[in-house]
Each structure stands twice: as C-alpha cells, then as structure tokens.
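Worksheet: one structure, shown below.
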Amino acid sequence: MGSKRSTDFFCLASAFNVVLMLSVALVVSVLVLRSLPIIHRDGVYPLVTSVWNPTREEYGFLFALGGTLVTASLALLISLALSVGSAVAYAEFIPQKLRPAVKNFMDLAASIPSVVYGLWGLRVLSPFLRSYLMEPLSALGLSGVLGVPSPAGTSFLSASVLLAIMVTPFASSIIRERLLAVPMHVREALYSLGLTKPEVILLELRYIRRSVLTAMAIAFSRAVGETAAVAMVVGNTINPNFFRVFSPGYTISSLIADQYPNAEAYYYMVPALFYAALAMFAVGFAVNVLLLRYGERR
Amino acid sequence: MRLVDARALKSLALTAAVVLAFALSVLPVAHLMATVVYRGAAAIARNFPSILFDIPAAPGSRELGGIGPHILGTALLTSIAFAVGVPISLLAAVFTAEAIRSWERIVGRWTRLLVHMMVEFPTIVIGIAVYGAMSSVAPLVRALVPGFRPFSLLSGVVALVLVSAPYMYLQVEDGLKSVPQHVREAIYSLGASRLLTSLVLLRYLKSTVYAALSVGLARMVSETAALFFTAFGSDVYPPLDANLLFRPIGSLTLAVYTLGLSGYENWIELSWAASLVLLLLCLTLFGFSRLLLRGERLGYRSPR
Amino acid sequence: MGIAVHVEDLWVSIGGRDILKGVNLKVPRNVVFAVMGPSGSGKSTLLRSINRILDLYEGVSVRGNVVVEGVDVYDSRTDPSMVRRLVGMVFQIPNPIPNLSIYDNVALGPKINKLVKSRRELDELVRWALEKAYLWEEVKDRLEQPASKLSGGQQQRLCIARALAMRPRVLMLDEPTSNLDTVATSEIEGLIVELKRDVTVLLVTHNPFQASRVADYVAFMYDGQIVEVGPTGQVFTRPAHKLTEKYITGRFG
C-alpha cells in the first residue's frame, strides 16, 4: 500500500519501537547484571536464609520472599471471594439503572494512587483490623499461631486485606464483563431445566472459570509487585515467621522501598536489593507465563 | 415441598453472601475517599493558601507548613516525562499498526510483545532498574556534569516514561487497529503518504488518543514506587539552575509516603493534604478520559 | 384425553410493545401440537411465557392465565423452577452447555433436581434419554467428550435428550431445525413424531410444511394472535381464514 516515496519518512518511526524494546531489555538486563556480584558471592543462599545484617554484609531475604508470597496469596483468597461475589451481585442483583454508576465507581477505585491506599491502610485500616479482628482472635489464644499484633496494627494481614481491597475492583470488572457475556442461549438452556438462580450462577461461574483464573492470576502478580501501599502497612520488620500473619514483617517490595535510602552505604546491599527484585520479578513473570499457557486468550 | 424450601434457603444464602461481598468491595473504597476528602480538606483549610507553596514545618511542631516543593516536583516530573513519553508511544504505536513490509511487521510484533510484558512489570522493578542504569553511567556523566547523582529529576523522568509509555502505546495501537480498513483505504486513495495517513488516523481517533494520554498522565501523577530510587524525594525547593535535572526532587506521592510514615502529627496532616491533591488530580483525569470515551462511542454510532 | 397446556387470554408486552395480544390455546395431552406463523408473529414469546423463561428478560409484563398440567404458571405462589421442570424446552440454536461433557449435559437436570438416587440410576436415565433422542448409538463410546464436538444435528438431539432426562410432561421445541441441514431436519422430525408417546410436544415453526409433516394439531399465529386452530388435516385442506390459506400455500410476505 505505502508508496516508495513516503516509506523513508515513515520508517523513522521505527526508532521509537526500538526505544521501547531497548527499555524492556534494559530493565531485565540491569536486574540481572547488577545482582551478579551477590549471586557470584552467595549463590542461592540469600533466597533460602533469613539473616539480614548489613554491617556484616549478610543478606538473606527469605523472610521477605515468604512475606511476599504469604501476603499476595492471602490477598488473592480474600479478593477471590470479594470479586466473584461483587461481580455476581452486579450481574444479577444491581438494577440496570444503577449499573453505570457502580461501574464508574469501581473503575475510579482502580485509578486511585496506591500510596493513597497506603495512607488510609496505615491510619484507618490497620488500627481497625487490630481492634476488631486481631485483638479478639489473639484473646482467644490464636496469637501463638498467628502472631502478636503490633501497636499500630501494621502486619502481613493488614497488607493482605489492603491488597485485596485494591485489586478487587479490577478483578471484579473482568469477571463481571465475562459473566454478562455468557450467551443468553446458555442461560436459557440452564433455566429451562428448572435450575434455580444459585444453581445457574454456579454453573455460569464454572463456564467462565478460565476468566476467573485469569483475573486472579493478574491480581496475584499485581499483589506481588505492589509497593507503596504494602510498604506503608506491612510494618517493615525483619520477621522470619511470615506465617504469623498478625505480626509485622517485610515483603520484597517493601524491603526495597524501606532500605533504599541507606543502600549505597554498604558494598553488597545494592546488589542484594537487585537480587531480591529479580526474585520478585521471577515470581510475577512465572505467573504471567502460566497465564499465557493456561489462561484465556486476551 | 421440602425440596423447594431447601432451594429457597440456598437462594437466600447466596443473595446474602453476594450482597455482602459487594458491600465489602465498595464500602472500604468509599470510606477511603471520604476520609481523604475530610482529613485532606481540614489540613488544607488550616493553612490555605500557603500550604500549596510552603515547605513542611519542622516535624512535631505546631506549625503545618506546606507541600509546595512536592507539588512543584510532581509538576516538573510529569510534564517533562509526558513531553518525552507521548511522542515515543504515539509514533511507536503508529509504526506498529501501520507496518506493512515483513521487517516492519516483525519489529511491530516484537514491540507489542515486549511492551505487553513491561506493562505488568512491578513499577519498583522499573525504578531500581533505572537507578541501576543511571548509577552505572554516573562516572561518565560526571565528566560533563560534575554534580550528577543517580538520584535526580532526570532519573525520575526516565522511570515515569518507562512506567507510562507502555500504557499509552498499547491503548493507541489498539485504537489504530480498530479503525475499519475502508477508512484507511479511503485516506490512502487520496494519495496520502503513510506518515500523513497515520496522522489523519490519529486525528480520526482523537478521543481514544486523548483518553489514552490522560490515563498515561494519571499513571505518572500517581506513581510512587518507581520514584524511590530515582527522584528520591526532597522536602525543599531545588535551586532553579542549570543543574535542576541532576538533583533529587520531591513529588506528591513521595510526600504521602514519607510524611505519612513519619509518625509526626503535623506531617501526617500534610500527608492527607497531599493525598487529597492527588485524588483530585486523578479524579479529574479519570473524568476527562470517561467523557472523551463516551463521545467516542456516540461518534461511532452516529453514521449508521 | 386431558388438556396439557391451557393458555387463556394471554397478553405479553416487552419494553412497552405488545407481542402477544390475547392468545387462547388448548393443547391436548400426547399429541404433537404445532404453532406456525411468520417470524415476528410472537410464537417464540408464547413458548417462553409458558415456562416463564421470559422472566429472564427486562421490561416484560404478562397478563392472562397459563395452566400446565394443572399448575397455574403465573400464580404468585408458583415456583418458576418447578414449572420449568414440568416443561422441557429445546431452542432454535442448539445450545448444549459448551464446557460440559455429553453425559453431563444430559445428567445436569436430573442431578440438580435430585430425580435419581444413585449413579446407576442416573446412568440408566441418561442412556434412556439419549436412546429416546436417537443419539445413544452415536455417542455411547464418547460420553465424556465435550458436547461442543458434536455436529449441529447431534447437538440438537442432545438438547432434546437433555430436556427428556428431566421427565417433563410437556416438551416445547422452538424452531428446532431452523439451523440444521435437511438430513438432520428429517431425523429430528422423525424423532418428534415418536416422542408424543411419552410427552406432549409443542412445536413452534415458521415452516408450514414441517407442521403438516409432524403435527396432529396446528395453530396459525399472526401478529400476536391465534388466527386459526384445528386438526392438521382440516386446517391444511379447508382453512377457514384467508390469511391461513395464504400462509400454507407459501404465498406469504
């Protein structure tokens, strides 16, 4: 289609494609190159130990890796219930007239800066969860298993709940659209068999389960990478017992965010933080690859 | 009849569970917005209008001070990053969508694939990668600019471009792809070059493009994690001289983060104020993109 | 010979537009009863109002009475699910549940409505339904395959089996062959004639020749009203109404 004359100018635009491609390559290669010193020195040791002692140049960040996986998984579970539930509510119970308002509100929720969620999580959500969830459960004797809440309520659990609140609008919107897109003839077939509404809804969810899975996988990888909000509510304490979700701890992203001001004061801390970022990146990347293989095609 | 009763019960339980889930996913966000508006407005009202220009008062003092440097920082970071990021994403999108020859198509396909990956990169990763690159080249740059450090406005701009350009690129490219072939052919048939055709198509997609840009801008304004290792943050005004680009700079998001975590009541108040400013900016950009897209949909319908 | 379906002065409007304008109909038990008419005459709406599938759509209002096997369909105490179990339905587009297997498509209704007590009973019921739908021989070795793998005609017979497995008293078919080729169409038509031994068949079709081939009684519907009803032979040889005559001789629209 393009005439010969014009091609020369048009092709200049490819330079900008190269800029974009190079920046992706740059991000990945910097991550790898800058973590090489500590990989060379310690191998996988930082991934499997929890000793973080910069003055002795020891950087085991298993506590943060575990914290990331625990908070993201817990957030995923909460968000699964919330997003499926609210998507069903939207498709089945919200009157047509109210839908645009609800939809706009959910989309708006997804566009609020995460650091604002973080401030609210720190000042409102964490104390609330401490008084109404963690303290009562601790009083019942669960603190031996789930850990002792901190005075401010900052904890793995607070981070998980906050993450769930943050990713739900997005996850719910995917499920909602797919639920509304279930073909009418499928719904008619189900209702014509005398199925009741709950039964039809469960079957519809089964019908779109790949989309639900996809939404949840994206939500998980976002929860893994989310930084500002998590760093504000997770407590930023070295805590190898990351299954004690009432207690404060670190995730990888919050470790990086919290340590950056003094990283350059040590020899290996900057490489260690890059290594941690690489590990987190690998987790998110693995989820995305699985998604490409098993998720629905977008 | 018992069967029907059990079913009715199940139906009721499901309705209750679903309504509860809906409430739990909407109410926290509503509470958040109300809190930000209430606390933020209170803080701003207490020291208006100097809160918009002052630097933060000493931590723990009775004074409030302001978030002037952070507003300036966000304005500088986003306006420069926007000016750099928009041409890159628009032209790359045009090239990808209008690629015809095989090498062009290959370039387009790889760009798309890589950018798709990059959109899902955690922004903290982008931030420290930019820091890593900047600190690697710092010795070289110091030969030209003696005071250069990786923590700078320049690094912050690069990070914001990398965070935001992939979004704008994908949105615009999707828009260009959705242009009906007959429209494209009509423009070509007038003898327009490919470059000119692309520009006409971008005008045809005006509202999609503007909506994409406003979403991209909103991402820049609301970004925090990518700025930790790059812009670094600062609570004072930078000297406005030739080295402005090479010094650390604050931003509203970094202000919310550091002031909010500080534990001093007056700084936390400032943090709420900065949150409100951010919320208003995002609301405006969100509303703007919604308005544009509504117009777009009507525009598509009207010819039929 | 009792009455299976009794429709009395039924008015239906969708989005403020009247679709059915006072329909009256009596369908005797164990016959094939065809409702024919041009598209847009309200045939599908009539079927959908009998089993209250119409409830799924927005802006629908219904006036009048429908009684199916003694059940007052629009009584406020009537559970629509119960009505739908009494009345099986087959749709214009073959609509097996795409992600379920052949077996599960048929077993779904009986399982959820607890019609069977054991897996063996369920297996037997599924086999019975598939045999009734003349599908058993073709699928007995691949019951676990997804239903979407079947051909169009097979899918439609699967939908008939799915409806039959509910042991309904009435089977409604909404233009069941309009998306099928001629071979599949004649298979389904043969099947319809057989089915009347077990259920009352209510067939909607826009094709008068199909009605004449399979039905014992026909009703001609036009613009939301029943124009003429009677035994098939009588309506097709001595139509009482000019419109009917035009329609059955194919000189319509």
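Note that the chains are named A, B and C in the order they appear, and that numbering of residues resets to 1 at the start of each chain.
Basically, contacts are C-beta pairs under 8 Å (C-beta built on N, C-alpha and C of every residue); 3 or more make two chains touch, one makes a residue touch a chain.
Nothing here was measured: the structure is a model prediction, and the numbers come from that model.
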{"item": "Most heavily contacting chain pair (counted by C-beta pairs in contact)", "value": "A-B"}
{"item": "Chain whose mean Cα position lies farthest from chain A", "value": "C"}
{"item": "Most centrally placed chain - per-chain CA mean versus overall CA mean", "value": "A"}
{"item": "Rounded Å distance, chain A centre to chain B centre (Cα mean)", "value": "18"}
{"item": "Separation of chain A from chain C, taking each centre as the mean of its C-alpha atoms, in whole Å", "value": "49"}
{"item": "CA centroid of chain B to CA centroid of chain C, Å", "value": "55"}
{"item": "Where chain B touches two or more other chains at once, by residue number", "value": "7"}
{"item": "Residues of chain A engaged with two or more neighbouring chains", "value": "196"}
{"item": "Chain C: positions in contact with at least two other chains", "value": "81-82"}
{"item": "Chain C partner contacts - residues on chain A that touch it in the complex", "value": "96, 183-196, 199, 203, 206-207"}
{"item": "Chain B residues within the chain A interface of the complex", "value": "7, 10-11, 13-15, 17-22, 24-26, 28-33, 35-36, 87-89, 91-92, 94-96, 98, 100, 104, 107-108, 110-111, 114-115, 117-118, 120-126, 128-129, 132-133, 135-136, 162, 165-166, 169, 188, 193-196, 198, 215, 218, 221-225, 228-229, 253, 256-257, 260-261, 268, 271-272, 275, 278-279, 282-283, 285-286, 290"}
{"item": "Complex interface listing, chain A residues touching chain B", "value": "1-3, 5-7, 9-11, 13-14, 16-21, 23-28, 30-31, 33-34, 81-86, 88-90, 92-94, 102, 104-109, 111-120, 122-125, 165, 168-169, 172, 196-198, 201, 218, 221-222, 224-228, 231-232, 253, 256-257, 260, 270, 273-274, 277, 280-281, 284-285, 288"}
{"item": "Complex contact set, residues of chain C against chain A", "value": "51, 53, 56, 58, 81-89, 91, 93, 95-99, 108-109, 112-113, 159, 162-163, 166"}
